[in-house]
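In order of appearance the chains are A, B, C and D, and numbering begins at 1 in each one.
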Amino acid sequence: MMKPIGNPLTIFQLEVRYNETDLMGVVYHSNYFSWFHLAREQLMKAAGARVAETEHRGIHLPVIEACCHYRAAAKYGDRLEIRVFVHPKSLALRPHFNYEIQKEGIGRAIAYGQTKHVWSNHQGQLLTGLPEAYQSLGSCFDGRNSTCK
Amino acid sequence: MMKPIGNPLTIFQLEVRYNETDLMGVVYHSNYFSWFHLAREQLMKAAGARVAETEHRGIHLPVIEACCHYRAAAKYGDRLEIRVFVHPKSLALRPHFNYEIQKEGIGRAIAYGQTKHVWSNHQGQLLTGLPEAYQSLGSCFDGRNSTCK
Amino acid sequence: MMKPIGNPLTIFQLEVRYNETDLMGVVYHSNYFSWFHLAREQLMKAAGARVAETEHRGIHLPVIEACCHYRAAAKYGDRLEIRVFVHPKSLALRPHFNYEIQKEGIGRAIAYGQTKHVWSNHQGQLLTGLPEAYQSLGSCFDGRNSTCK
Amino acid sequence: MMKPIGNPLTIFQLEVRYNETDLMGVVYHSNYFSWFHLAREQLMKAAGARVAETEHRGIHLPVIEACCHYRAAAKYGDRLEIRVFVHPKSLALRPHFNYEIQKEGIGRAIAYGQTKHVWSNHQGQLLTGLPEAYQSLGSCFDGRNSTCK
């Protein structure tokens, strides 16, 4: 997994919750995937697709692949930034997102991630092409990958 | 909340999972409610209602009230027994379950719990009376509260 | 469990996360207890006790009892307010907190909760009296229970 | 990620829990990583290292990389088998585990996974070489990769 290049399309901020830690005193590793999801949702909203609408239209983005590289531990109360990057050409068929997690005041990533997806309807059937509700997501990349939100 | 009386209708055994612990090195308190749920499911199965059937028939038992009293901490790797008790007269309308959690080799409860429920269909509408699929649950109490399983 | 009276000491706002839902399309019931915890933490911070300090001083507030009454379901994307109420006289020995969860735009509670606690040090030993770091919590109640934050 | 070859060193069996599902009616994707962890623990125990001992000796196996490929959804009540494969040469320094998840009665994998680890002590310092408590893990591979348990 390469370090993502370009500008992040969105930056999601969170504070580590107590119940995300384990007995080693650090965040349990599977929680990073929930954070990637939260960051992805923020990007989708920034692209103009509200949760309610998407639910109504029955457009889903199930995960078909997910990876995370852990560099340093996240701890209870840490303020984190999840930066989301997208491969523009992947959007129409199998959207690929990259993630970089930074801890406030550290200045370097504590984790990198990647998820791959397909577009599906509520019955789980594959959709082809970038759904209309998300067209603006594609245009985020106009003007040299400027940030959506 | 009183200590339950009579015999448990089922005893569910589990081993504490790593990701159920928190940074204090003990089980995070909300997990006990998931354990109560697992124990309740075992009781339902023992009463003859298989998951698939229930899903098919659309009978649900949503929680309307849940309480837990914590006496001693549960830790990673602990082998626990969840003993489930039922108030027989509650079954037809608002089933009440009581729980006692014992740690293997300790001989006294580390937690007590209670949940109250209603019967509903898949659309969330209330059902009245003990559903036919669960009739055998009522007969568990014949012969002075003998154990179903 | 009575509906709490007086003013809430803090109001914690959250948006329901996707992974807090279950196959019924509503929030899984044990998650409400994590939300109560998040709201309690906000109150503690408002009272002047920063997480780092508390960690350093080794003061903990383990849950010895937790209850929740569910009135209406919470769903993915719902914006919720958790209102926290405290029984002032309970603070020195066994702090009692009450909670009311409101859904934005609904105007009535979808759930009520209560948790009871003890003060302990990092080794799990009981502390008596309101710890110095939390003295300001007691003074929140000056002036007829006005809001801390 | 390649499909693992050779025989699995252990097969961990589980039944999907209700609270592992999300509003789409299928298992939320981050839970697969907890399952890999449970399967890994079973392997460690089979290799002779009991949880209590390991805790006592302070040997940990933190995750530095985790990936999962999702092929078909897992649902509530599904009985699953997690097959664990190990790269023998990786054991001494950076243990690599591969996973294959099969649904009972399906006969093909619904997911593949991989995790990479380091050995560390309780303070998070790296250990080099296969710890003595796990020597038997190395010998699982005698006789052409026969199953430990």
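Side notes on the structure shown:
We take it that a residue touches a chain if its C-beta (ideal position, glycine included) is under 8 Å from a C-beta of that chain, and two chains touch if they have at least 3 such contacts.
Predicted model only: the values in this text are computed from it and were never measured.
Judged by contacting C-beta pairs, the busier of the interfaces A-D and A-C is A-D.
Annotation: 26 Å between the Cα-based centres of chain A and chain D. Averaged C-alpha coordinates give centres for chain A and chain C that are 30 Å from one another.
Residue positions of chain C with contacts to 2 or more other chains are 18-19, 30, 34, 37, 76. Contacts between chains leave no pair untouched here, as each chain touches all the others.
Partner chain B is touched in their complex by these residues of chain D: 17-19, 34, 37-38, 41, 51-52, 55, 76-77. Those residues of chain A that touch chain D in the shared complex are 24, 28-31, 33-34, 37, 60, 62-70, 73, 124. Remark: chain A residues 18-19, 21-23, 25-26, 28, 30, 76 touch chain B in the complex.
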